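The two complexes that follow have subunit A in common; it is paired with subunit B in the first and with subunit C in the second.
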Partner chain A sequence: MKLSSFMDSAYPQERAPTRPSKGRKDMIFSLEDLADRIGERPDRSSVEELVGEERSQIDLLLSSQPGKRCALIWGYISSLAAEKSPEALHLPSFDYAGLELAKGCIMMDRAGDHVGERMRGGRIVVQQEAGDYLGQEMKGGGIVAASCRDYAFRQMKGGWGVVKGDAGKFLGLGNTGGRIAVQGSCGQRAGWMMRSGRLYVRGDAGEYLGLLMSGGEIRILGSAGRRAGWQRKGGSIAAGRLGQEAADGVLELG
Partner chain B sequence: MESWSWARVWQRSRRNWHWPLLPPPRLYFRPGETKQAGEFSFSNYQIALDEEILNQGPLYLESLFDHLIAHYVFCPRSLEGASILARSALEGLKSPDPDKARALVNIFSDIVVDSLRLERSETDREKVLLSWKKLAIEQDLMELDRVVLGLLRRYWEADLPACTRTEVSLLERVFSAGFREQSLWPRQCRQIARILEPLLPGILGRGPVRCLEILNGSADVLPLAGAEDLEPGQYNLVSSALGLEGDLVRWYRDQSYSITIQEAPRARSEEHPSGPERWRLTDPCSELDVAYSLSLSPRLIPGVTTYKRGREKGLMAPLGRGVPDLLVVLDSSRSMEGHRLGSKTHRATLAAFKACRYAHSKGAMLAAINFSEKYLSLPWTRDLSAVERTLVEFFSTRTHIPGEAIRALAEERPGCLILCITDTHIQNLYQEWEEVERAALAGSFVLFCIDQDYKDRHVEGALAGLGRVYYINRLEDLVSIVVEITGRAYAGESFIS
Partner chain C sequence: MPDPKSKIEQLVSSLEELRLHLGRKDLLIGGDRINAQLYFCLANSCLRGRAILLYGGMGANKTTLINLLGTSFLGLDLDRVEDLMVTGHPEQTEEKIVGFLDPRQWTGQKEGPVQVLWTDWASSRWKLVNEINRFPSGKQNLFLEILQKRRISYAGQVCRPGETCYFATMNPEFSATYPLDQALLDRISACVPAYQPDFLAGLLLSEREKEVRDLAGMLPRFTESEFSSLPQLVAGRPLSSQVELAVLCLIRDFTLCERAPSFDKTQLSGSKPSLGLCSGCHYHNNPEAICWQADEGLSDRVRQDLRIFCRAFAFLLDREADLEILRAIAPYVIWHRITPLTSLLERPPYFGAGKLAYTAKMVDKSINRTMNERREINLIYSRAVDEEISASEAIEELSSFDDPIARMDFIPSLESRQ
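This part shows the complex of A and B:
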């Protein structure tokens, strides 16, 4: 027992009520402070270790405006908060929200870039437009967005994604699993270098649909642009109408 | 108030803090005021009192003395502590400025020391709050001061003006981690800088940083902590925040302090006389100690009453020997990359600094040549500062080795140690070859070639004939190898094979 603790227990009435409290060394003061402690390459385990379980600390960090330097850290904290929250967590539209999310639910009005990146479980719902790289490298869980920009669900390995409106270019680039459904149309080079998984588009697709794909399944209810299935090595592509120079083996549904 | 009374207050404050060894306060006279006999005025003296302070009364004076003493014994205490805090404050600022950093270090340390005073003694509460209450009623209070007073109101639960700004909560969070943990201070100070930067300046934080070395006037000659992690520009900012003048010489000097040279002097093993031993017929007659033998017995009976001086072998302290003088030849061409952390120039200059400092401590004379297309030559001297000033020059042009100047200096001091540090992109090596060869004959030539990729078989062979050549693969090794070679040279080992 330290002398101060011994004296406090021996003379409780003498203890000053206004004495400034002795604090904890592990307290995080702000996102920048956390970034200083973590260093240049943040990862989930170090963020989890430093932030700890305390709810007030997580809330404080989550309410901060992340600069470019702290964007990844804020993303990890948003996932930690969502996993601990018993109900859906409403977040502002910053980049990297739901980074490596494992469970829980995140609701956003708009989404920045890299939302739901490397997520393994849980749900992310974006009421309006999402930015680039939505659900990049995701392995599980699901994302619903009103629309999204380029590189959505790039290198997806598992899980599912639903886009209620239109998607940008390079949808499902290099996918090795997972399912993507787009209720509107998608831009050029959807399913580029796709190796496995499913891509379903209710509207139209741009040119070079399924370029260099080697596996998986692409279904377009509307029309596909020119050179659909160009240099395809495997997998299947079917579209309502095919544009010019479609590769052999690409099915036209008619 | 008479002078004896404030002297007594000073002694009372010192007693409160267990008699710290601090110089006594002095009365400070503004220009135009009459000076009392026996008093003198230094405008930069840290514990200086003027009439205005004395008129505040003994309680205020004691509070002021307690506050100042707490600075000198607790936070920031030393130059090292102050430099760590100043560096943290600068890191927290979006636009680093030494004046802002100084103000933030002062504000942080003021809060820390007064929190300590409050925690230390409950009876001192009124005394501690006296100066803060005085500040609160100032007419020209600024936003920064209001925020700090708002923080102290919450943190100390004191009767000070409230402030509703969000910065108060953020500051409170910083100090809720405590103030005693010194390992937290840099983080806390950095965070305070981030929070308070938009509110600067204010009444608080004015004046110099209060640490012992600055008070004692020795801050200029002491190393600044953490210089090895700072770029020259950052180092100058930190120095400036502490009211010191930072330059390249001091930057290198402060880094070289932390490099140690391990001395391993070899003891010599020799015969030395020991006690008397029996002389026998088989021993040479010359060894017989007749006088000693006759002193023990009137008759010399061989092997019985005959003695000789015995000798035994053992380790003895090494003989005193002359130390070789040191000539440092340093390349400062463009390919050496200039003075910044981790560059070839940085490593080479740091190594040269350490070697010079060590040789100087051993009593050696020093000379230096700093060369690029032109060169700067310093003749043999014992002035270490002059050598250091020569070494930090950076010409940043082509690499022309001044063979004649090296030879001239080497021949002035035969047997000197010549340390040449270059990246060997020497464009006039063959023109100057004869001169360099003659210099190598006059002294012990050790060449450190930094750029391993530029290694040329013919040049390598030629250079090997001069003396010892070290090719440095990793730049980090340069300092340790130079230091090792210098250590060996001055510890008496043969380092040239």
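This part shows the complex of A and C:
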């Protein structure tokens, strides 16, 4: 039997080519491939332009394991996928998931670092622990995490974040908006240089709560560590109990 | 004319009704949901010269199931079948397993060839190696010669038991077990997990009032001619071209490696994907490429095993030997022969424990790719081989495809024809 007859019997129907219409050389096979085309500084618009609308292409890239070089790109792709998905998108715990997310919902068992960074809308739910920089520079949308490490919601401008357990150090650093609720406790320097927005902690807060704060509102139901409101210029801080050397004007709820 | 097929169906229902085997239906082929442990054993009973390995914890009905099937297929008592198996332990020797020199020949006056007393196991056509991983590594070498062979030699003498069915069982790694050698694993056609009975099966098993030994006598028995006719009946099942093509591409997907000698991953020694061989390779981290995801390539034995087990399952389930069957059985034929990258296997949903599921995913990817994305390259290559188009034209066309088979198989092959 001729090889071509064998192949013809293996592929009986004449089907439309499965390759994308943009030309076979434009197919992106891996994140590395995409990174080569984008260059050193990936941004959302260039990723969106190159990846296009095709679902299979997005899925292919989303299923790759991103190295350090491709972490940002993978993050943008995760947002594109979530925005196109009619239901919540389950993602593995890579860094930068939901980067600049505008809508849709992302579910994760654990989260790496920088999850939900610069997000503008949508929801991110992390069932277990999240890494550093959760929701950094977010402008809208909401994040729910079981717990998180340091620098969560740093320079937050809008939206909301809920941490069901404990948060790490430097929670809400430099915030200019948004709302943060922590059902457990948070580490030192929460609300550091906060200018606006709200921070609510049901448990305790570490030392230097609201350090150099100039606006916004901090409420701690438990006790605050030493030097709460240190060099505060504005805003309000209230805590169930205050530690040593609390600044003037910091309210003890008792 | 014997009808062994209906007898196999009776055997399956008898095993369930007599509460002798109530395994979970964990294998889905088309619309049929079946128990992989039972059906792989049945498929192997219909073949000759193939070996399957049942892998699982203690009391998962591995040894008993094989002995029960032996009772039925050989038409012997369970006690007699149990005498036919060898069990692994460090003190087992070739003499105890295969046979030993007849000492009486040294005292007599008769001259002639050396006399060997073959063991029942050696001369049987139903060979069970129980707890195979309790044989020390050196002694496992004995089975390299025996598995899939029709003859056993010892002291210059040869025992020819005829076409034989080989079975083996093993527990997971315990303190008294030894790792199985890759060459031995390659001679095992399929490895099937044997699971503990689930809740309902446990309840049903507790209803079993008689001993297994007594119930074994109630299983249907095959006649010698029925048992012998099974391989021909299996061989009569044709394989579709799609299956043949998918099998070929599957083997190449695992075996091709851009950095191995002759692109053949089975040539690698020392360096392998898990030790950084693929770092910087074009295909590395491409989820559609299989090559970097497993350390080992696949031998031609896998191709033979996939084809013959597809036929056997088609016979058992009375359906076409199609891609559905291949998709279902290929993971069992491959997973014990490969070591997927730990970094991939440890991710959810595998958590380091789902090697079979991970292998199934790789198999699925390969088959899907062959049936869809590879269509064009396969057609171009076949037309070039049949000289319907020129080799140089085909090479130019193929070089625009980023597929390992096109790059490492088809293009070099066409270049050598120019």
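What we mean here is this: the second predicted complex is superposed on the first by the 229 of 254 C-alpha atoms of A that agree within 3 Å, B and C clash if a C-alpha of one lies under 4 Å from a C-alpha of the other, contacts with A are read in each partner's own complex, and residues count from 1 in each chain.
Going forward, a contact is a pair of C-beta atoms (placed from the backbone, for glycine too) under 8 Å apart; a residue touches a chain by one contact, two chains touch by 3 or more.
Because the structure is a prediction, the values reported are computed rather than measured.
Undergrad: So in the superposed three-chain picture, is A:F6 touching just subunit B, just subunit C, both, or none of them (first/second/both/neither)?
TA: second
Undergrad: Figure out whether A:E54 sits in contact with subunit B (first) or subunit C (second), or with both, or with neither.
TA: neither
Undergrad: According to the stated criteria, A:L31 is in contact with first (subunit B), second (subunit C), both, or neither; which is it?
TA: Once the two structures are laid over each other on A, A:L31 reaches subunit C alone.
Undergrad: Taking the superposition as given, does A:G67 touch the first partner, subunit B, the second, subunit C, both, or neither?
TA: second
Undergrad: Of the two partner chains, subunit B (first) and subunit C (second), which one does A:D43 touch, if any: first, second, both, or neither?
TA: Touch partners of A:D43: none, neither subunit B nor subunit C.
Undergrad: Check the contacts made with subunit A and report whether subunit B or subunit C touches more of its residues.
TA: C
Undergrad: Kindly classify A:E245 by the partners it touches after superposition: subunit B alone (first), subunit C alone (second), both, or neither?
TA: Neither partner.
Undergrad: Residue overlap on subunit A between the subunit B contact set and the subunit C contact set?
TA: 17-19, 24-25, 27, 29-30, 32, 60
Undergrad: Mind pulling up the subunit A residues that touch subunit B in the complex?
TA: Contacts found on subunit A: 16-25, 27, 29-30, 32-33, 36-37, 60.
Undergrad: Once bound in the complex, which stretches of subunit C touch subunit A?
TA: 240-242, 244-245, 284-288, 343-344, 347-348, 371-373, 375-376, 378-379, 381-383, 385-386, 388, 400-402
Undergrad: Quick one: in the complex, what on subunit A touches subunit C?
TA: Those residues of subunit A that touch subunit C are 2-4, 6-11, 15, 17-19, 24-25, 27, 29-32, 60, 63-65, 67, 92, 109.
Undergrad: Within the complex, which stretch of subunit B touches subunit A?
TA: That would be residues 91-92, 115, 118-119, 122, 125, 155-158, 170, 173-181, 183-184, 187-188, 190-191, 194 of subunit B.
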